[in-house]
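Naming follows writing order (A, B and C), and every chain is counted from residue 1.
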Amino acid sequence: MKRLWETIRSPFQLLGRTIALLPSARKSHRKILESMYSIGNQSLVFIALTLAFLGLILVYQGAYQALKVLPDLTPVGPVFIGTMVRVFGPTIVALMLATRVGAGIAAETGSMTVTDQIEAMKVTNADPVEYLVVPRFIASIIMMIVLWVFGVLVAVAAGTLIGTLRFGIQLRTFLSLSGTTMSDVWVALFKCVIFGAAIPILAADSGFKATGGSEGVGWATTNAVVHSLFTVILLDFLISSIAYRFGW
Amino acid sequence: MSKPLETDSFLGNFGRTFITAFQTVGAMTLLQLRIFRSLLAVKNFDYDESVTQLFKVGVRSLPVVVATATFVGALMVIASGNFVRATGATTLIGWAAGTAVFSEVGPVLIGLMFSGRVGANNTAELGTMVVTNQVDALRVLGIDPIGYLIVPRFIAMIVMLFLLTAIGDLFALAGGSVACRAVLGIDMRIYWLGILDSNLLSEFIMGLVKAIFFGGAVGIVSCHWGLQVTGGARGVGRAVNDSVVTSAIAIFVVNFFITVLWT
Amino acid sequence: MIEYVNVTKQFGPLTVLDGINLTIKDGEITYVIGSSGTGKSVLVKHAVGLLRPDAGRILIDKIDTTNFNEQQWNQIRMRYALVFQHPTLFDSMSLVDNVALPIRKHQKVSKPAAKKSAMEYLERVGMATKADLMPSDVGPGERKRVSIARALTLSPDCAILDEPTTGLDVVASKNIDEMISELSKSLGKTVIVVSHDLRSIFSVADRIIFLYKGEIRLDGSPSAFRASDDPVVRQFVSGEASGPMET
């Protein structure tokens, strides 16, 4: 039980320290941009692939079920786009980011920890949180939003292809924004910020706790992925519930 | 690495990713063939080790999968909430949640979680063994690493993900029913009736078939990246990263093809 | 019997073995020596197919192994057991389970039967009292002894030990030396030892092969070595830091 509490407490501590150090980020423009580039570079192809297939499957299933139950294909496009923007976009992109970037950050900080580089930083009065975590924290939030937009576009493109070619839906009927509201966008943006913040914190936290050589780094990376995946889903649930209750 | 692959242009990077992707798929296919060949030699099947792995995999992943599935089910219900509120079709909630969970969301998200919990762990274990020469030690003792290390894990992952998806699906439905009442304010009976009314057997089975293939995919992917580790601690970290990423792609791709072929 | 016929092995630009011709005779204790990184490990790894020669052939019991597949090598490895330099015990299982694994796999017995058999091997290397500990709980010398025990479960005709005393204190080293002696004298096994531990070399070896710059510099008995006037050999034997030897 005590370990569970410690597992929950430690990332919050890191989060606290990171936020406290945010003002100092003003002088690390370059590192933030580097981080952003790195995250984007690593994830672009990956997100494109997974979100494309997601779009394909959502439209396929959606149209198939609509034909079975309604049978009318007009709502498929708008509902698909609305759910992509609000639900699947942030969530799936975040899950993918958790596996790609989260694992990457954990592997990096983990191997730095087991090779005592973190200790070395502390000893020379450089704060590892300031140097390693803060830039990635900011970069991750920004890139999460960017990649959400990118992911939604890719998924919609793929979905449109299959909707028009396979199911013969009219392009104009499909690409309608009638299923998407402004509040959908706001909720989605909020989710992106929260997810984008959570992933690097959890990943770095796991990395800093790594012990014992290659086994430790492997453990840290696994831990980061599992915690990030679960936390994204948990937070998603909380945010969605609250948003629904307030009619957003 | 030979010179031609060392470009840093965008197109170069793209091309290199493509080539690497092909190489990876090729290597994984080879590994799959070796696994099948080992399985065919039935008398060499390591029953003891397979059972051990089954327990390890199952015990490790059950809590996390169950927890994830419950929240995913709840999420699905909330997501359909808006739609239901707009159209007033409350009776569709059960059907919507049931279909989504059984056929798509259940297997995929449970598969992703499984890949994180078990796949990553597996890659890390195998990778560490490679780096510390334990895999060579097996060969030198005349023990085939494929038969002893890989096949039991492969089998264990398929069996376990199958079971976990079945169990997880049910927990997802349960989570959905709680969300239905607590968040949407709809009576749980309507929810459960909606599920029971719709004949979801075909979707349920399709989901389980997907789970079998996802399990196999996570197995091959995680073992492949574990076995090819070079470079100590950093190499293991990188391999785990590659392992979960590749698994995720595989899950999405396989998911699409099974859905299309099944319906 | 292992024969190296004109064996050459390169790693990138570095030629580690250059046309090696060598016959390991049965029943003897042969030491392969040379300073660190001169290819001693590379040489013995060829004997069990962990490495393949770039040129030349390796004959084991007169059979050419050039086109051997993994399965055929596995047969060889049962008779020519290699013990690695660095501890390669399986760190996820206890010491006794480590030794029991090859017994269970090769003799197709149940886990409890294999464990019992494993305890006997552990007794022989003096590690029976620590059977249930994990590899990380014991010191390097003890881990070395357990890996030797594990290799012996194959009932090999020949044991190949890669730097068995490197990194051990004098007492542990002497223990290993005694074990090597017993393997050969009492059990009649062929033993090949890779080493640069001078004390061990001169107390146990029947025959010494000195590898230098990819070639066999000297091949003979310990007394032949002591009597040699080759300046490189003299430098190695005396352990001097300066001299004609390039390391």
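Just so we're on the same page, a contact is a pair of C-beta atoms (placed from the backbone, for glycine too) under 8 Å apart; a residue touches a chain by one contact, two chains touch by 3 or more.
On a predicted model such as this, the values are computed, not experimentally measured, just so you know.
Q: Taking every chain's C-alpha mean, which one sits closest to the mean of all protein C-alpha atoms?
A: B
Q: Quick check for the class: compute each chain's Cα centroid; which one is farthest from the centroid of chain C?
A: Ranked by distance of C-alpha centres from chain C, the top chain is A.
Q: Averaging only over C-alpha atoms, locate the centres of chain B and chain C and give their separation in whole Å.
A: 43
Q: At what distance in angstrom does the C-alpha mean of chain C lie from that of chain A?
A: Using C-alpha averages as centres, the distance is 52 Å.
Q: Centroid of chain A to centroid of chain B, CA atoms only: how many Å?
A: From the centre of chain A to the centre of chain B is 19 Å.
Q: Scan chain B for residues touching two or more other chains and write them down.
A: 125, 132
Q: Residues of chain C that contact two or more other chains, please.
A: none
Q: If you look only at chain A, which of its residues touch chain B in the complex?
A: Chain A residues touching chain B: 41, 45-46, 49-50, 53-54, 56-57, 60-61, 64-65, 69, 79, 83, 86-87, 91, 95-96, 99-100, 103-104, 106-108, 110-111, 114-115, 213-222, 225-226, 229-230, 233-234, 236-237, 240-241, 244-245.
Q: How about chain B: which of its residues touch chain A in the complex?
A: Contact set of chain B toward chain A: 13-14, 17, 64, 67-68, 71-72, 74-75, 78-79, 81-83, 95, 99, 103-104, 109, 112-113, 115-117, 120-121, 123-125, 127-128, 131-132, 179, 182-184, 232-238, 240-241, 244-245, 248-249, 252-253, 255-256, 259-260, 263.
Q: Sort out for me which residues of chain C touch chain B in the complex.
A: Answer in residue numbers: 48, 50, 70, 74-75, 77-78, 81-82, 84, 86, 88-92, 101-102, 104-106, 111, 147, 150-151, 154.
Q: Any idea which chain B residues touch chain C in the complex?
A: 46, 48, 125, 129, 132-134, 136-137, 139-144, 148
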